[in-house]
Amino acid sequence: MIDVHAQLPRFGRLSLRRVGVTGIKKPLAVQRADRVITLTASFAVAVDLPSDRKGSDLSRNAELLAELVDATATRPVASLESACSEIAGELLRRHPYAKVAEVSASAEYFLARGISEDRRSYEDYLLLAEARAVRNGEGIELFRAIGAEAVGMTACPCAMSTCRERLEKEFPLLADPSLKDLPIITHNQRNRTRLVFDLPPRVEIEADAILDAIEEGQSSPTFAILKRGDEATVVLNAHRNPKFVEDVLRSLLSGVVRRFPQLPPEVNIRASTVSEESIHKYDVMAANELTLGDLRRQVAA
Amino acid sequence: MIDVHAQLPRFGRLSLRRVGVTGIKKPLAVQRADRVITLTASFAVAVDLPSDRKGSDLSRNAELLAELVDATATRPVASLESACSEIAGELLRRHPYAKVAEVSASAEYFLARGISEDRRSYEDYLLLAEARAVRNGEGIELFRAIGAEAVGMTACPCAMSTCRERLEKEFPLLADPSLKDLPIITHNQRNRTRLVFDLPPRVEIEADAILDAIEEGQSSPTFAILKRGDEATVVLNAHRNPKFVEDVLRSLLSGVVRRFPQLPPEVNIRASTVSEESIHKYDVMAANELTLGDLRRQVAA
Amino acid sequence: MIDVHAQLPRFGRLSLRRVGVTGIKKPLAVQRADRVITLTASFAVAVDLPSDRKGSDLSRNAELLAELVDATATRPVASLESACSEIAGELLRRHPYAKVAEVSASAEYFLARGISEDRRSYEDYLLLAEARAVRNGEGIELFRAIGAEAVGMTACPCAMSTCRERLEKEFPLLADPSLKDLPIITHNQRNRTRLVFDLPPRVEIEADAILDAIEEGQSSPTFAILKRGDEATVVLNAHRNPKFVEDVLRSLLSGVVRRFPQLPPEVNIRASTVSEESIHKYDVMAANELTLGDLRRQVAA
Amino acid sequence: MIDVHAQLPRFGRLSLRRVGVTGIKKPLAVQRADRVITLTASFAVAVDLPSDRKGSDLSRNAELLAELVDATATRPVASLESACSEIAGELLRRHPYAKVAEVSASAEYFLARGISEDRRSYEDYLLLAEARAVRNGEGIELFRAIGAEAVGMTACPCAMSTCRERLEKEFPLLADPSLKDLPIITHNQRNRTRLVFDLPPRVEIEADAILDAIEEGQSSPTFAILKRGDEATVVLNAHRNPKFVEDVLRSLLSGVVRRFPQLPPEVNIRASTVSEESIHKYDVMAANELTLGDLRRQVAA
């Protein structure tokens, strides 16, 4: 058979940054401390293409995903990001003309959480992982990222302040010092926050620790099972911890400094948060990206 | 050319209920009282297929949509549902083997609204329309539906009640009679409510009147422009009008009885509402379907 | 605590058909013949609400989902639809005021398939299940549905015919009798086909058998791993088996008659198919719904 | 009223790169050569936030969008990207603490196109625009991007080659020299291609010219109205112009060099393309980003 992909390009001898496949879904078995879990993961993989080659051998991408990911059914991997790293390295081995390989993956992820021990059930989160393999002389350099996303709740501090002013006029007793700390109405809403770490070689982070950091940044985590008294607890927590999206992001990033003292300063951090405003039809958002070293300096200042 | 569609079916002589095209997007010009607006409408159209015919002449569907919808650029139609009706009737004329034609359409729709006159801006809503043409002897019977969807806000009455109990223990002064009507914290969230009317011939309803009915059913409408004091107004309104999804649906349906006295009892009503709970990662919903006659009897009981 | 849900409705004493929760995601462990698989399932559950009750006890829905679904981690269920049935029955027990409970669920599902034994890998499909429990005197009647969706490929028989006419003019040798069966170019595309069975009590169907029936109805199944020669095999198969969406549906339904002789005639069948046309920006679709008894009569005619 | 946003941050004195609103939908009236069209545009706007300020005045974002976009109903703008530029500049004026403002917008867009003059109808495309305003001493620097996306068709050159080899064995006459140019079957599919230009000040490009360049890069454009003979024309065109995603991207970029000789070399180009493979359940993609100067050098080499 003629190797059409290896022919010279017909429509311009241009190198391309990225050629690959997206939306390949696979069951991925991951070894946790106490048990094996199966993620329904969605993968995108790509390599660069030199200017003298018509096509990338895309069938190799699906083949190696099948070899590496399907094999986890009997030999679970350590994590979603370790699977991505292995795939990125193998992509470079199977595309000898490529200099860079990129892999990204996402998967729904469940943790048993609850407002109390007897209310625990599986809450759903999102896991994110990326890997990038770069040919470097004879060897291959590997860059990895690991992230997660959690849905929680925010309560607005500004509307809380203006509602208090308004209500104190209507209910003068509200100004009584004993009611100083009474939580006041405001708008509250779903908040979706994402945190991703770009990691140097041999540095590891646990996804569960990322999710803990995110949920601490929100006004309150949310739960599937809330009996009536529990609802009041969540509502009270959120209103005693009112936060703009700006506050969520700063809380989260301050928490990262405190929670991950062992990480080296060159770790890059990408954080973003979206509140699906209850008083508007649109969303509000905040995002930041900086190295852990810069973050530590800002927090220490 | 061989007419492949008119051949006998090769894989079983089965009649089919519905064969058509979906996701055809078109700009549709609609004449409003004071001006012409252009909707970006998405259409789905289908007809039935008899057991002795291999295929439906689908190119006629795209052709008639182009003729009827594209023509509105110079001759605007009265409404999205009148466009659907015209398309459904024309489908039967161009598919002589069909007995039933069905059309549905949706479009984003903007109305200038605001919490006060000087805060008005375009708020976005969804318009919905359906039409069904049925061959009846020599003639064609036409059935139409018109509906709309609006995003608003709900505040939970149950968590408000349990929060009050909890707060009265911590803040005894809260039990003072002068604070009886003080709005108490609860969870509030985005609510998405939809109302559709199946109309008999010659009965008309205005989309704007449907949207008014929906927004009255929610704890509060929401707005793009809210300066700081306005936010408090919306939050206060919502907390003085706390509603479960069940309450939203019953308010809305009671409002329909009051707002549309001129409609005949055989009008069928489909209503549904979804609250994107701020204290959970999942949504809660309520739905109902009944004739206006039944609804009036229940409300009068 | 005051039971707000049990109070009388404030906004109209209307009964409601359906009140519940949607979008609850859970890991569901299912026992297959040879192993346990874990589905990431999304559930919607609802019950009706009488006219004299303000709210449905929605926290019970999340609680019972956690009890029943989370428990499968240690005790796998037989299938997605048996989980739905169990949930529907339990909903009626925990909502004593309700007469009807409805559950629906969907989950991505993987089967090891390949164009040949050495090309097998996990292909992704969609599983669907529904259950409805109706209070009937002292007892509960249970109705179940099981379905699945598969992505495959269709090649258009009409464009194939017109392309042949056109090409025979340009290449007279093409009319040579030896080339009568040469597959001719046409447009081909992704096809998404869904088949759902409404089952009477004690009647069971395997999801894998439903997927086999769907893939037989399409011009060709599709595969993740196709080395170069394999691509030609799939393309040839599809072009030797050109099908309109109408053909896909009729093939599928004829196959159902042949594949499921043991099913009783009252089984209801819902089938639909969508081809994401390569020559248009929109999709074409066909749908049918009938009992197996009616289907058998039509096929036999 | 207390200005909560102007207070010092409580959760860490960190500057934030981006705080804003997303998903604001507005009708935007745009002046074309011959008429005014109304786009249903979706906007996202954001500014940076200094470390000493708790919140960004987000109500100003909605307010200025209403002022600028709603006003186009009576005074149409020149283009989506000029609207974005105006908004970005105004964001900096209304957020005096911000140094950078970013705006992005997308809108469905219709052009009357057809395979022949008498088959013209509105085809749907996507318009994209971005603007970035940076405070620079006393002034403001403005960066703009304009882009578009079109759905077309690709036919695979590799499967075409392997199908020919396979068919020549089965149909020896196919090797006859007179059939050398006979188009051979392959898989073909929907292709979605996007092209975005980052523009220096005062450089303009027409969206319609971008869409022309994209459609030339695909194996064939697609059309809503295709009578039977027209389908053969599109299928033949696509099979005489078989293209990998790599080919689509290179054709497109070569076309950019030829079509836009007047553009300066510092224009940055972002191009990406996705083919929704008919023989797989997943998509294949290619992407590139480079300056027009680099592109010209590569094409000239």
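Worth pointing out:
Note that the chains take the letters A, B, C and D in the order they are written out, and that residue 1 is the start of every chain.
Quick note on the criterion: contacts are C-beta pairs under 8 Å (C-beta built on N, C-alpha and C of every residue); 3 or more make two chains touch, one makes a residue touch a chain.
What you see is a predicted model; the values in this text were computed from it and never measured.
Touching chain A and chain C at once are the following chains: B, D.
In terms of C-beta pairs in contact, A-D outnumbers the other of B-D and A-D.
Greatest centre-to-centre distance from chain B is found for A, with centres as Cα means. Centroid to centroid, with C-alpha atoms defining each point, chain C and chain D lie 35 Å apart.
Between the Cα centres of chain B and chain D there is a gap of 31 Å.
Spacing of chain A relative to chain D, judged by their CA centroids, is 27 angstrom. Shared interface positions of chain B, i.e. residues touching 2 or more other chains, are given as 1, 24-25, 62, 124, 158, 162, 165, 224, 226, 228-229, 280-282. Contact residues on chain B toward chain A in their complex (touch as defined above): 123-124, 151, 153, 156, 158-159, 162-163, 165-167, 171-174, 176, 178-179, 181-190, 220, 222-224, 226, 228-229, 231-232, 234-236, 238-239, 276-282. By the touch rule above, chain A contacts chain C in their complex via residues 1, 24-27, 37-40, 59, 62-63, 65-66, 69-70, 108, 110, 112, 121-122, 124, 224-229.
On chain C, the positions that touch chain B within their shared complex are 1-2, 4-5, 9-25, 44, 46, 49, 51, 54-56, 58, 62, 157-158, 161-162, 165, 243-247, 249-251, 253-254, 274, 280-289, 295, 298-299, 301.
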